[in-house]
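Some structures to go through are shown next.
Next come two complexes built around chain A: one with chain B, the other with chain C.
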Partner chain A sequence: MIARAPGTDLPVLLPAGDALRARPDQAAALGWTSRSFTPRSLASLLALFVLAVLVADAQAQAAGAPRESVVTMLLKWAPLVFQGFLFNLLVSVLAMALGSFAGAALGLAQISLLAPVRGASWIATQFFRNAPWLVLLFYCMFLLPFEIQILGLTIPLPAWLKAVVGLALPVMANVAEIVRGGVRSIPATQWESAEALAFSRRQTLWMVILPQCLKRMTPPWMNLYAILTMATTLISVVGIQDGMTTARAALVAEQRLELFIPMYLMLLSWFFLYCYPIARLTLRLERRFQVRG
Partner chain B sequence: MSAIEAFFQRLGTAPGWNFSIVYDAFDRARFLEGLVTTILLSLTCLVLSIIIGIVGAWLQGSTLRVTRRIVQGYIQFFRNTPPLVQLFFFYFAIGSILPRSLNSSGQMEPMISNLGWAIVSFSFFAGAFNVEIFRSGIQAVPRTTVEAAEALGYSRLGIYVHVVLPLAFRICLPALNNNLVNLVKTTTLAYAIAVPELLYAAAQIWSEVFNVREMMNVLLVTYVAIVAVLVWAMGRWERAMRIPGYST
Partner chain C sequence: MAHELGEPVVVATRVEKRFGDAIVLREISMTVRRGETICVIGPSGSGKSTLLRCIDALVPIDTGSITVEGVEVNDPKLDKLSLRKRVGIVFQQYNLFPHRTALQNLMMAPLHVLKQDKAQVEARARALLAKVRLSEKADAYPGELSGGQQQRVAIARSLCMNPSVMLFDEVTAALDPETKKEVLTTIRELAAEGMTCILVTHEMGFAREVADHVYFTDGGVIVEHGPPRELLLNPREARTRAFLDQVL
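After this line comes the complex of A and B, so read on.
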């Protein structure tokens, strides 16, 4: 397992640690990977939340005046904030679906045999991958029309739909990189043997290469989904009602300083509870699909 | 200079492309100020997050179980929650319980400004990723090298600073690059708490001059350029720090 420098027998360095070695470049390009989870961290998060609520409650009691306790206020607002949170999840699913389809197409265009198609799709991918998500979101919110007219038919584009498109753009670019990397990770011999068996390029791609890639692309794709879910809170910045907006509205309505920390912690822990299992599953799949050698 | 300004002013009237940041001194100053703020914010968070990463990775190798668990909890919490909510949590929730003080002009001033909270929030966010990155680099350093250093009488800290870290740093540079690029992109979130960075400055300009389309494109190109410069610089650094004979 020890890497040897060419020309010497001396051990230089071990191969990079699991996290760096496990994934091919393209998946690491996301830089957001998840490993080493313990259910213990889940318990400690809950403990932190309970502690925050208790402290806030104690603060409220110390203040004297008979007021609603922090717990009842939280319970009162929880259903509304949760609805907003569900909207976040809905947006994440839609943006992921849209981004995945567009990204798959863009990724396949990157391995096209035509140089101009390859070049153009590479530029598009790099551009959308390196632009900040929030800027892309602003871009779509402001520059897409509020309705489009096709053949005399008026299709309204509500704000939330524009936001979905705005989130789908960076997802598209990242999915394109995952697809390209996945295809790259298949040994060249697979292409050659398919060619020897008289498969056409399209047949090779669909029947030999892509089925093998799919397995390898799943973990980084799920990772991307978790990132997207966390990014959906950005839509509150451009004025769409989501979990974050409702939480802030609740805080404004109550005008209670001690409610701030529990409220935000509640929202944070919902996201944690949603993203954490995804991250765990990603890790498991990654280990299972790991390519040796 | 004035010829360029005149050209852009003509562009504003003839095809209607209003790049006010080129010919209008006020808008230009605002935009450049935003650019400087973004760069400063990025650099500060970059340095702090690397420090957090190094210290965190060192603590994770601690012999105390409690320390390891706390670091692990920190990493998982910051990786699996939205950075925007983290920022709001710091700015509104933690910021509200900190004491306020009178400033020189007699107004109440929070202890940490919004720029300060942005720096704190993003540093912790990127730092959580850096801890993992540095740790996987440290794992790649052969046990025998550490043992050799121990035999030479190095302390645990000495081994970490003089032997393990220089080697580990070179291994994890590629992963670190990706995270730092992400960090630069994350700084746009500071817009939400009114830190006058690039996005905020651009939004101010387009809401006054009504040149949303032009400013949007300028903004996108500027961010892509910042990221490109960062990637280029880190790429050069990576090549300069390459260990001869070790390549992946």
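After this line comes the complex of A and C, so read on.
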């Protein structure tokens, strides 16, 4: 990093040499590749991890345990826990897809010309947006049947699929708000000029309004996805084998107290490595859209 | 203007429009003939813009009647599509679609509303862009154009629907004097070609030059109307005189 004059980011207030060097740096700050994983943030995560392992090993030796080192045990369990972590990602993608489709519909229902549709969708949105995610998850696990029958077909509904639905509900409500807010952010004059050109309401929405809000809706949508990914660990509470569950199982199997912090830190790092770039990209998109208006 | 005036295109009869308790239009009657250019002048808030919106059925009227080529606008069973095919309206703030290029802005409605042939529409759109002297900007996005250029694209966009009458709602109010001239030139040419135009404007000089007939409105009523020279140089009503003294 470049030493900056205290209290300013303005290039003009920097010494000339710094200002020149500041330019590629600023360009990189807006770029994806060079700064997405800042060396600093990655290094601090790594340092934290090494520190946790060292402390754990020291604890183990102080306790006089001549068994395997913490690193060996972590490596032994890492593949299994990583599989669980991948399952978290799968659940996050499915819940996001389901929630986005349902949420888009719910959001559009909120701008319907029919008052009952508008009212009902508003209530649904507020309900699912302001309910604790875990409570919704519990409800889905216990209220959804284990199989559904449609036209003589029996479709099994395994627990993990119910969990996907449970997580998709709050996502749906949040996406609905993003969509509604996006549509509202387009000036009424756009509706008026489309109407004057004889576009129907539906045509106006799909050809004029929505294409314009898509850009504005992307950053909050990605933000929501990052939050959802981290929240997928909730499914371990309702007994689904995810990264959290396997990490806990490993701890139980090893019976080694000093493993507790490094093991969860390992899982945490994976989530961090997955979600942090999303957060950076979101920030970058927000900045870019702000400039273009 | 020296061209022949044809049959009535827009006829308003005793139009009244209220927003809540406020009466915005009261007893408005006017007749606009084919090829005629009408200017509506008057202080802000006198209902001029509302009148234009009523003609295009963007705002419903409460009582009275407006017909566009015989189609009654104040009819619950009105086919808005067929009305809006006949009426083009250009707004003060251009209102182009920012996510589409100038050419696409022109082509969208004829393609998707009128379902016309693409090659035909594109040829017409390019011809109209040439007419407003923006051929080289066909692939530019509205954000890349100046205010005057955007407004000319907006005029071309309305013309691309082949309307019978064009409404202009203070289309130069947001422009600086330089770009104003470009837009006024475009409108002047349209009027000279015989397009039926209704302009709400604050450009008195322009009104005197292009209008066949000028209406002065204040407080939602037509105070007086007449040929531009008479009304602008020799107003009968004290209210008109007071307004003109202020703006001229």
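To be clear about the criterion, the second predicted complex is superposed on the first by the 250 of 293 C-alpha atoms of A that agree within 3 Å, B and C clash if a C-alpha of one lies under 4 Å from a C-alpha of the other, contacts with A are read in each partner's own complex, and residues count from 1 in each chain.
The rule is short, and it goes like this: a contact is a pair of C-beta atoms (placed from the backbone, for glycine too) under 8 Å apart; a residue touches a chain by one contact, two chains touch by 3 or more.
Remember, it's a predicted structure, so these values are computed and weren't measured experimentally.
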{"item": "Touched partner set for A:Glu195, first chain B, second chain C, both or neither", "value": "second"}
{"item": "Touching partner for A:Gln212 - first (chain B), second (chain C), both, neither", "value": "second"}
{"item": "Contacts of A:Gln203 with chain B and chain C, given as first, second, both or neither", "value": "second"}
{"item": "Broader residue contact with chain A after superposition on the shared chain, chain B or chain C", "value": "B"}
{"item": "First, second, both or neither for A:Leu45, with chain B first and chain C second", "value": "first"}
{"item": "First, second, both or neither for A:Phe272, with chain B first and chain C second", "value": "first"}
{"item": "Partner chain in contact with A:Ala78 - chain B first, chain C second, else both or neither", "value": "neither"}
{"item": "Partner chain(s) touched by A:Pro132 [first = chain B, second = chain C, both, neither]", "value": "first"}
{"item": "Footprint overlap on chain A, comparing chain B with chain C", "value": "none"}
{"item": "Footprint of chain A on chain C - complex, ascending", "value": "56, 58, 80-81, 84-85, 87-89, 91, 93, 95-99, 108-109, 112-114, 143, 154, 157-158, 161"}
{"item": "In the complex, chain A residues that touch chain B", "value": "2-3, 5-8, 11-20, 25, 28-38, 40-41, 44-45, 127, 130-136, 138-139, 142-143, 226, 229-234, 236-237, 244, 248, 251, 257, 260-261, 263-265, 267-269, 271-272, 275-276, 279"}
{"item": "Residue numbers on chain B that touch chain A, as the complex places them", "value": "69, 72-73, 76-77, 79-86, 88-89, 92-94, 96-97, 129, 132-133, 135-142, 144, 167, 171-172, 174-175, 178-179, 181-182, 184-189, 191-192, 199, 203, 212-213, 216, 219-220, 223-224, 227-228, 231, 243-246, 248"}
{"item": "List of chain A residues in touch with chain C within their complex", "value": "189-190, 192-200, 203, 207-208, 211-212, 292-293"}
